Each structure stands twice: as C-alpha cells, then as structure tokens.
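Letters A, B, C, D and E name the chains as they come in the text, with residue numbers starting at 1 for each one.
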C-alpha cells in the first residue's frame, strides 16, 4: 500500500507535463479537468496511504530513484510515509483539489489559463515532494520547487513589472532562508553524517551526536529556512507582496500549503528543536513578534488580500509560537485548520474580487451581502473560524496554542491572546466593510456585481464545511474526553514528532477556553460596533494623520528599511566594485605588475643609450664587480 | 678534421670561382660543401675520439653534433637568403666571409686548446664585423659594424688577458691539462681572475648582461639576414665553445662560477625582456629576445657538469630554426615596404603571405615556449635542470621572463592577424616557400623527437 | 744588476708613453707615443730572452700596424685637435673606473705566491727562432694554417669594405 | 586505445579540415564531434562495466626523463570527457547560422582545441597534462583574434594569453619541483603523488601555491580574473562557449588531479588562502554580475562566482566537495553553453546585449521563455536541475572545511538568484515592445540546441546518479591515497 | 722561484702589464676618438703579450710565445678590418668621434 505513495506526486507532474506540452489545442474545461483530476487522483491515493498510517502502519520509506552519491553522502529520491507526511498529504491534495476546481472558474477568462493550471499542478507536485521527501535534501527539492512555482505564479501576469518585482522579491527572500536551511543541513551532515530522517530521528537517532553549539546552530539555521518560507520576521516582507498573483494562488500557496512548509520542517525536526532550548526560544519569540506585527498591520490594510496576507503572517507566527514551545502537534493542527479557513477566506475574497471586476480595495466595496450570498456566508464562516469563536476549527487550534503558552510563558500567553483579539477585530472589520453597509464602488461595478459560478462556490462551501468541523480532529482534553476523541491528532502524530509535556488539568483548560472565547467575542463586538453599528469607514490614504496609523499602513516601513540597509547598499557595493575596485584595484594590480618590466626597461634605457662609452663602462664595471669578489 | 678542411676550402673556392667568373656555380658549391660537411660528420659519428694535431682539435660527438647543427643552419641560411645579396655586386665576398665565419664556428665546436679557441673566435668574428657593416651606404649598418668590431676587440683583449692569467696559473693552453692542473693545485686568485676575465669575454660574445649592450644595437643595424646569422651561427658556436670550456677545463671551478652565472642570467633575463617589451621596432625586439635566450643557454653552461650537452645542442638547434624564420620573415616584410620594421609592417601578413605568417607564428610561439612547439621542450630542459640544481629563483625568473616574452612575441602575432586594406602580396620564391614549410614542420617535429635529448 | 735597471727604465718608459698616448690631444703624437711604448715592450722581450718575438713585435706593431694607423690619420687628415666634447661626469667616471680597475687587477696579480710553478725543460733557449719555429711548425701547425684563413677573411673583408661599389 | 582515439580523432579531423577546407568543413566538424560523442559514451559504458583494457594507454615517450604517453580514463576523467563530448557538437552546431570567413580554419581550430582539452582530461602523466593544458590556448587565441568582436580584441587576447601562460608557468615550476623528488624520475601521476606527499609541509605549500596560481588564472579565481570578462566579450560566441564550458574545467579538473593527491598536507596547512580567495571570488563575481548591464558580461562574472565555488569546494578536500565540484563542472559547462547561446540569440537578433534595453520578449515567445527560464533555474541551482546537485554538494563539502566559508560561499544561492532573475525579467518580461517584434521566432537550430541543453540540465538534475557513481569510486580512491 | 730576471720577479712584470692594460682600458673610456680608442685596444693586447712572455719565462715553455705570435697575427688582421670600417665610417660621417654613433639605441 505504501508503495503507492510514489504515485501521489506523479499525477500532478504528469498533469503539468501534459498541459504544458500537449495542452495547446485543448478546451479550457478539459484542461481544468485534467489539472484538478490529477490532484484528485493524488487525493484518493493520499487517503489510501493515510489509512495505512491510521491503522497503525509503521513509518516506511519508499525509494524511487538513486539520486546523489558522494561518499557517505548518499541521498535517494525516496518518500517517507508516516503520520506527519500523510496528514500533510491529505490537506495538500484535498485543499489543492478544491482550489484547482475553483481556479477553473476564477481563471476562465484569462489567456494564460493553461499555464495557470499547469503551474498549479507543478506546485502541488513540489509541495508533495516537500512533505514526502525522506531526507532534508529531498525535502529541499520540494522546498525550492514550491518557491519556484510561487515565483512563477506571483509573476503570472508578467506584463506588469510590479508583479514581476513581487515575484522576484519572494524568490530572493526565500533564497535567503534557503541559504540558512542549506547551512543547517551542512551542520547536521558534518556532525552526524546523515541527512535522512529515519537515520537522524527515527531509528538510530544520529541526531544525538549533535551537541553544543552545533546543535543550536543547526536548529537556528534550519529555522532561518523556515523564516523565509513561512514569512517570519525579518523575512516576512515578501508574503504580502505575493498577493500580486491570482487569488487561487494566494489561497493555495500563500495561505494553505507552501507557507506552512516551515512549520512542517520544524515539526519534522522536532527532536532537534526540542533538544535545543536556545533555538526553541528563538522560534517562540520570532513567532510571537511576527504574529503581533502581522496582526497590527492587518488592522489598517484596505486591500482585501493584503489583510488576509498579514493575517496569514500573523497566524504563521502563532504556529511558530507553538513550535517554539514544544507543542509540535498543535502547530500542525493549526496548520490544518488554518489551511481550511484561510483557503476559504482567500477563495472568498477571490470570489469578491471576481464579482467586483478586479477591485481589491475594501473602501470601494460594501454591502456585498445581498449580491453574493454564498460567498458571504462562507466568508463569514471563515471569519468566525479564524477569529477563534467556538466551535469552529480555528478556535480549537488557537486555543491550544494559547494554552500551551500559558503553561510555559505568561508573557507569550498575554501576547498571543492579544494577537487573538486583534485577529478577531481585523477579520470582522474586513467582513463588515466588505459585506455590510452600502456599496461604495462605481456604478459600473455595481451593475456587474454577481455571485460567482458554481465551480467557484462549491469549493467555498466544502471549505466552509471543513472550517466548521476541522477542529474536531484535535479536541483539547476538556472537550475531548467527553466525546471520546481527545487529541486525536496528537496521538496520531506522536510516532514522528516530539510531544510536549503538558499536563494541564481540565479546569485550567476549560477556563482558558472560556477566556479565549470571551476575548474573541469582545473584539468581534468592537469591530461590530465600529464598522457595523457606527458604519465607520476605513480612511483614505491621504486622510491618515495619526503617526501610529501611518506606521501601520506603511507596514512599519520595513520594506523601506530593507531597501535602505540591504538592497541599496548591495547595489551600491556592486556598482562601486564594478566602477572602482575592478578596474582600479584588481585590474590595477595586474597593470602595476605588468608595468614592472616597463620600469626595468626605463632604467635600462639609461645605459642602453647608443653611446659606446656607456657600453664600455658597463663592461668594465662588470669586470670590476666580478674581480672585486676576489679581493 | 675533414670537415674543417672542406669548409676552409669552401671559402677559398668561392673566391676562386668569383675570380674565374663562375658565379652561377657558387651557390651549388656552397650547398655541396655544406652537405659534404654534414655527410662527413655523420660518417665520423662515433668513430673519432682522438684529438687532432697535438691536441688542437677534437672531433668527438659533441663537436660533430654542433657542427652538423651549425652547418645545417648555415645551409638553410644560404638558401633562404639567396635574394638578400642579389643586388650586391660583390656578394661573393660576403659569401666567402660567411664560409670563413662558419669555419671559425667549426673550430669553436672542436677546439681543445686555448690557441684554437682564440683563433676560432676571431675567425668567427672578424667576418661578422665586416658583414654587419656590409650595407656600406647605410649609416646604421656602419654604426653597427663599428660597435660590433670595437667592442668585440675590447672583449677579445679581456678574454686574452684571462687566458694569459690562466696560463700563468696552470702553465698550459691545453684544456684537459688545465683541468688537471686546477684539480691538483686548486684554484688560486690569479686563476680565478683569469677565469672571470674569460667569462667576461664569453659573456660579451654570447651577449650576457651586463656585457650585452652591443647586441641590440648591432643586431638592429646589421642587414637583417646578417643578424639572422649572428643570432644563430655566432651564438651557437660561441655557446658550444663556452660549454666545452666549462665542461672540460673549468669543470672543477663550476661550483664557484655557478653563482656568477645565476646572477648574470637573472640580470640578462630581466634587462632583455624588459627592454624587448617596450620595443616598437621588431628587429630590435628580436635582438632583445635573442639576448634573453642567451640567458637560458647560459644556464646550460652553468650546469655543464651535470647537464648533458645535448640539451644545449637542442636549444641551439631549436632557437636557430625559429630565429632564422623570424629574421627571414622580417627581411621579406621589411623589403616589401621600404625597410619598415615596426609592428605595423606585419599587419595583414596572414593575407599577404599565409606561409610567411604561418611560419612566423610558429617560430614566435616556439621562442615563447608554448607546446607543442620545440621551443617549449628546449626551455623545459633548461628549467628542469635549473630546478634540479636547486636554483629555484633563477627558474622563477626564467618563467616570469618567459611570460613577458609571450607578451612581446604575441604583439607581432597580433599584428600579423590584424587585417588591413589593399595589401599587396609579398612574393617569395618557391625555394623559400619550401624552406619555410620545412622549417615550420621542423619546429613542431623537434618537439616530438625531443625524446632523443639525453 | 743591469737587467734590473733596464727593467725599471723600460717599464717607466712604457707606462709613461702609454699615458702620453692616452692623454695627448694630437692623434699623431698618440701614435708616436704608442710606438715608443711598443719599443719599450720589445725591450722587455729582449730582457726575457724572447728575441724572436721582440723582432716580430717591432716589425708587426711598430712597422706595420702603427704605420697603418699613421697612414689612416694622415689620410683622414686627423692630425689636428679634434674637440672631444665630454661631460665632466663621464670623465670623472672613467677616471674612477680606470683607477678601480687598476687597483683591483693589481690586487689580484700580486697573489703570485699562490702559484705552483713546475718549470719545464730547455728554459733558457725558449725564445730562440729555432725553438719557436719547431713549436710553430710542429705543434702549432694547425693554428698556423688557420691563421692564414683568418688573414684571408680579414683581407677579403677589408677589401670589401674599402672598395667603392660600382653600380 | 580508446583514449588515444578520443584525443586523436578531433586532431586528425582538424588536420583534414585544414587541408581540405571548403564548405564541407562544418559538416565534417559536426560529424566528427558526434562520432566523438559516441566514442565517449562507449568509453563510459566500458568504464561502467569495469572493462578498463581499452581505457588505459601507456607508451614510453621520453624514457630517460620519465615522460610517458600515458592516458587513462577513470571515473573522474569520464565526467569531463563526457562534458566536452556532449557540449562540442552543440557548440559546433551553434555556429551553423553564421557565415564565417575561412570557415575551415575556424572549425579546424575548434576541433584542435577539443582534442587538446580531451588530452588534458585523459592524461595520466603530469607532463602530458601540462602540454595539452597549454596547447589548448593556441587555438582559442586564434579563434578570438581572428573571429572575435570589438576593435580591442587583439589587446584583450594578448592579456588573456599572457596572463594564462604566466600562471601556468608557475605550475610548470611546481611540477618540476615535485618531479625532482621522484625516484626514478617520472611524471606519472602516481609517482608524482608519492613524491609530492613525501615533501615537507612547507614545500608542499609552495608547490601548491604554484599550481594554484596557474589554475586560479585559468578558472579564473579572484583576483586573477580580470582577463576573463573582456576575453569572453571579445570572443566569438563559440569561443566563449569553449572557454567557459570546457577550457576552464581543465583547471578545476587539475585541482582534483594534481593538487589534492599531490600536496595534501600543504593544502591543509597552507591552502586556506586559496579557499579564501575562491570564496571571495564567489561573492565578488556575484556582485559584479549584479552591476553588469551587458548580458554576456553578466554571465562571465556569474561564471567567476560558480567557478569560485567549485574551486573552494574541491580544495576543501573531502569527497562531497570533490564530487560536487566534478558534477558542478559538468553542469556549469552545459549551462554556460546554453547561456551563451541565449546571449547569441539576443545579440544576433537585436544587435546588442544590453539588458536594460530589452523587455517583453516573453510575449509570443513562450517556448523560448520556457527554455530560457529553465536554464535560469539551472544556473540558480534549483533542485532537479543539474546545478543543484553540484552546488549543494560543494557547500556541504565546503562547510566541512570551514563553516564561515560555506556561509559566504552560500551567498551565491541568494546573489545568483538576484542577478539571474533580474536579467531574465529585464530581458523577457514586461509589456510587449519593439524588442518583442524585433526578436524573431526561434529557428530550428535554436530549438534543437536549447531543448537538448534544457533536457540535459533536467536529466542530470533528476538522475545524476549514474555519473556520480562512476566518479565516486575514482574520487574515493584518489582521496584514499591522501590518508 | 718567482724571479724571472735577477731581482725582477714575475710580480713586477704582471704589475707592469696590468698598468698597461689599465691605461688602455682607461683610454678607451676617456677618449672619444675612434682611432685613439683603437690604439688603446692595441695597447691592451700588448699588455697581454707582455704577461704571456713573462709567464713563458716563468714556466719555461714555448707555448706562450707561440700564443703571443698568434695574438700579433690576429691583431694585424683586426687592425686591417677595423681601420677599413673606420674609413668607411669616416666616409659617411666625416668624423671619427664615437659620440655621433647613437642612431641605434634603446
């Protein structure tokens, strides 16, 4: 059964290749069918593989191909089947399939339709490689591959240079993270002689030979990789810009799957991270900072997708908080629920944008409720889910993160709660500004407003359903025991990831749950109060006066800062080297060296002046010098 | 011995043929004579180990080898420069002078006595003085001849003083006897002084710094084909003599002289290559290059007791071949454009005469020491031996100067491949064309037969 | 005793006239001083029993070579002061170089104590024509013959250079 | 015998072309190079099956000097042999759309160069290696001098030639020095290894310095690189391809063959400056590439960066570094040909290679954009392209030498993306413009060449193992002689 | 032992010839007139001859004297050629000063 696993990435690959090379004359529906069909097949197989693990199958690796051989460095393309990878498989292919279907509708009128579907397939292929790889190196293949697809999809509308720049930015910032990941791998290999999970963590526990600073450095460098991919401070700036891509891309790549690769990787390396307290602290603090940063910026954004993007950044931060605190399975849990509701929200926003004819500014929307009922309902479900209001998916996962924080670190707990409150607030702000009030767009737009086609709304509905029930896979103790389904996910994952030591009693847990719910509700109320009841509107850009607000709107000026301290200096350094160092110093040295003969020549010229007496003098002096040695 | 007789008679018969107005027969006679010399050498190979005429000459394989090389060089020279003197009415005189000079070279290859050394040098040089000045109307040729003659005479007197001191210290002019005397009596101050003065004399003849200053001037001023002769025949013979001297008579003192030779080599390499790299006149450039090659050959002399003489022979041969080609090409080019000798004169040569251009390119690359041309092997042998003698610094300087050498040789090559407009062809005779091709092949082929050295 | 005085006298004469040759401005005087030097040297040859050489010396140098010089000077009409423009720098340099060379050479040749002389037979009669003739025509026959080649070459060369091209 | 055939075939064909001349020249050259490819693949199969009878050749040349005509094809040589055999037909084919004066000489020189480079790769004798290493210079020199572009090419080639020879002469000294310590005198690699390892550490350090300078100039490694960009620019595209794809590999190959096993102690003790320079070169080359506006120069500088990584990785002296270096040579060779071909497509269509004056080519040239993008990804070392395998192993290897080196060297991962993507965007993306229309569609030749190259990049990236396995044994055995 | 004449040792003669040799060398440096310089060379050759004769006396062999003979022969030949060159030079330049000979340099 496990052998089937190699089929999972194969289908999307075939889909990609087929559409790329033979898709020219085919109809868009057929292309869409092939694309989503491929993912669906993968999904089916994934379920099959998943069930083996569900029924207590042991983690296995399936070797596909010999890949790299260099002495002890012997990496194959091989797939690991274990709970962590299979659960990822499920939601990647599942959510991926839905988004594919959605795309058929969303991109129907785009001239690059074929290309889009092909890229999506290609992305899923790499994403699957990422989670299936049996070693860091194979994972890195997918890791970079999804980066590539992200690049291609962000810059999908390549005629607009802004998109291209965003794509490039995403790729390059990801690459910075990748460098960290590479160095991390170097350290691990150097110390342990292996990069395979089963050798490192499962069987031999080679990881134990990582000691001292090597251990911390390895973990931190791996985390740098995760920072890049999962948009953590300071490598987060690419993610909001990545919204330049078509909305399904944002849903699939920049919300549901790719950006959670960092969480996957850290969870994968849970042995490593749990052994390194320093690295764990780093992860925690970076995570919470990111969460706050994302949440605060999201408060002021007016681009519907930007809000969601910062929300994603913030949620990812929370997941890292969980990782840093050792609650790996909870982070994975949040990844899954987040995948559901964030994909839902993005697709919903896509539906809105679709209906609005491309408009993304929520200041130009309002009152869409009546035009797009399905979208509205599903979007609301998503909003509730992310806001952490029970019993929707987000509540369970977020609550557990907060609970873990409470157990470990009160400061983090407070901050995480704050993030949770902010989340509820900005999401409802978004919701109200978009769907309530009166329409603020142009007449043209109003005229064209329509509900999206079925092919788009059905995925929304499915995802909404998942957002409602998705949280049940990880009931906390308190609720879980009562429904005999406690921490199902934890138990499922415990073979592969380190489980946190957490023995909160039911009472504490329940209180925390209540506190969390109250926080979410309170800030929902604030949002309701401001945007629904008082019908306050978001300020236009030139109306903003408060400097805090301005800072938030401008995302803390981090982009500008990077521009100043990294991009410009690098450019200037390059220019300086090119204009000055290269011709004057490096080549100048060469010129100096080549001038030596000329110098000697100039000196010799003094004697070689054509006058015989000089030559005679030289001879006689030569003779004298020779003879003088005898005295 | 037969060889020397043939050669001496050759010069005389040239004069005689001129007198009896058989000028047409001169060239064939020369060819016959030189071929006869070569044949006779080959026949004598390995048979003749006894000295002639009271230890005056010894035609052993060393001498025969050099004689063969030098006769071949002279033969090629005669054939390739047929049109050089064609304008001159008294060209037979010049031919005879070359023949006499060649006789001197032969003596230098075979001598075993200081008297013969001295005579050989003078027989080699005196015709050369005349030949350098042979372009009587040209001021630079006059200047060249005079400088050569006068400085040569001065050098001769220093050399003679050296020989006199050596005689004073050892009581003999016979090379083996001198060696024995040095071994038994050790080397005193007077002997060493004599040795040093002989070194000075030779350093002048083979143009080693700081006694080389005449060379560029003389080479430049002399008619081009005469320069070719100077850089091949004269240089080869002088080095043959020098090597012999230091391999036999002064072999016991080589440890002492080594330092001197190393320093001289280094100075020579630096000065000549530096000067060559700033030349605009290709002939003068080639003169400096010739000086720098002398430094390599000097290294062979310096290692005379460890190195096989075939290394020097090989170097002389290889250098002579490329040198003849370069000077002959330069001659043709400069003749075609009113004596121009700058880099510009070479422009477009590849179109104007591909064979000249090809041969010249090979010759320059060979001199630069780039495989698969024989010049590489020649330099390789020397540098290898120098390293073996633990003179790493000399080797490094040699290498560096080779790099400089490549720089200026390539400047000529570059010019040849620079296209120019409306360039007329440069015409050469069929014989010359064949010779250029043969020499080109030789430059490559010698690389592969280098196995026979040692 | 007499030979000793003769030695000193001849030496002084040789050096003095050599110096005169160098410093005098008139080329003719130079030639004449040089001839005087040659005579002094010939005298030394006599002192050392090299009578044959002394004779040849007089004939060749004083008789032929110097006459040739004189002839050239006369023919070129050089018997007047030719102003040699020389810088003080070069002059002093040549004086210094000459002095050092002389000093160094003197320092070298005075080390005759290091010589190991093994005198050969028939030392007294060496310089006589008979002995020299024997040596020249027996042992040194080959160089003697080659000297003729040298002369021939020199002759051809001199003739070539001197004759006017008839074009 | 096979090894001899591999070397002799191009040289013989070159002679044939020189003599026959005429229009057939290019077809003979192409045919010859394809035969060469077939022979090489045959040799690879032989090697794979462990039949080395045909792959070793040893004939005394200069017996007294211990110089033998020794050639052998092992797992290391085969990588380079394959590279040059694969790339050369493409290089020759890439010139088919050009009208060249004296075409026969042109193709003859290319073949000569291939022959000599093959000779260097297959040599089993240090002297033979050196000879071929030098010989290769002559054809390329004339290729640039005669068929190059730009008024100052004569000057540029002069610098190139003198600089490289200058460097390699130091190698000669070093080799001779080691040779002096062999008993009996021999240039055979094995003998040289023994003699070299027996030298004192200081001596080894000096010998290493000499050899490294030679290779550093050829590769080129900072700061010996200043000849390279101008030479690349002056050279005809085929010449640039030869230079970048194969010729500089002689140097990196030499590091494996001559440096690692011959002076291991000197390398570990005194070699860090060389690794340091290589690493500086990585960053420096990348930064320079960022500053370039001409595509050809950009590739030239990126080549400096890549080669710096190869050099640093190999010099770190462990099997990952060496294997990575070998594979990266292969990959870089293929990518260099591809990149310069792309350059040529732009240059010949637009008449310039200023990336600031391009843009929008993507529109309507989807296939080209796809292929070019695949190449870009290859050169930024994306996994599943050939570039990744080598680069990753190199970094792994480099880390084992020194973590900081790996960190700085790894910057190429980031900076490479910066300049390659920038170039790709400026050239291909953006709204359609005049450039788009001026850029005529791909010809059949363009398609064949690029598709083959992209396929190679992909295949080698996904399934490099056969080659890696072949070289693995050989590298292991070479490294085994060290300790 | 070192006495070759009564009260006159080889040293005396060597010093004499060194003096003459040096004067010749000095003259060459000091004068610019080609003829005088040429005569200085002759003087140097004579110094050599004197040395050789003195050594011949010391060693008691004929070799050195024969050598002197050859030196004279060569000197004569050299003078013939040298003066011919000088004459030719004078014909073209109308001077015998060596200072004007600097067309060839650098």
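Simple rule for what comes next: a residue touches a chain if its C-beta (ideal position, glycine included) is under 8 Å from a C-beta of that chain, and two chains touch if they have at least 3 such contacts.
Predicted model only: the values in this text are computed from it and were never measured.
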For chain B and chain C, chains touching each: A, E
Most heavily contacting chain pair (counted by C-beta pairs in contact): C-E
Per-chain CA centroid nearest to the all-protein CA mean: D
Maximum centroid distance from chain B, chain identifier (CA atoms): A
Greatest separation from chain E - chain, by CA centre: A
Chain centre separation in whole Å, for chain D relative to chain C (CA means): 70
Inter-centroid spacing, chain B versus chain A (mean Cα positions, whole Å): 77
Intercentroid distance (Cα basis), chain E paired with chain B, Å: 27
Distance between chain centroids, defined by C-alpha means - chain A, chain E (Å): 96
Residues within chain E bordering two or more other chains: 10, 14, 21, 24-25, 28-29, 32, 38, 58-59, 61, 63, 66, 70, 74, 77-78, 81, 84-86, 88, 98-99, 101, 103-106
Touching two or more other chains - residue numbers and ranges from chain D: none
Two or more partner chains touched - positions in chain C: 93-94, 97, 101, 105, 108-109, 112, 115, 117-118, 120, 139-140, 143, 147, 150, 153-154, 157-159, 161
Chains that touch, pairwise: A-B, A-C, A-D, A-E, B-C, B-D, B-E, C-E
Interface residues, chain C side, partner chain A - complex: 90, 93-94, 97, 100-101, 104-105, 107-108
Interface residues, chain B side, partner chain C - complex: 8, 11-12, 15, 52-54, 56-57, 88-90, 93-94, 96-97, 100-101, 103, 107, 113, 115-116, 119-120, 122-123, 126-127, 129-130, 133-134, 136-137, 165, 168-169, 171, 185, 188-190, 193
Residue numbers on chain E that touch chain A, as the complex places them: 25, 28-29, 32, 98-99, 101-106
Residues on chain D engaged by chain A in the complex (per definition of touch): 163, 222-223, 225-226, 284, 287-288, 290-292, 318-320, 322-324, 360, 362-363, 370, 377, 380, 382-384, 388-389, 392-393, 395-396, 398-400, 403, 406-407, 410-411, 413-414, 417-418, 421-422, 425, 428-432, 462-465, 468-469, 472, 475-476
Of all residues in chain B, those that touch chain D in their complex: 365, 368, 370-372, 376, 380, 383-384, 387-388, 392, 395-396, 399-400, 402-403, 406-407, 410-411, 413-414, 417-418, 450-451, 453-454
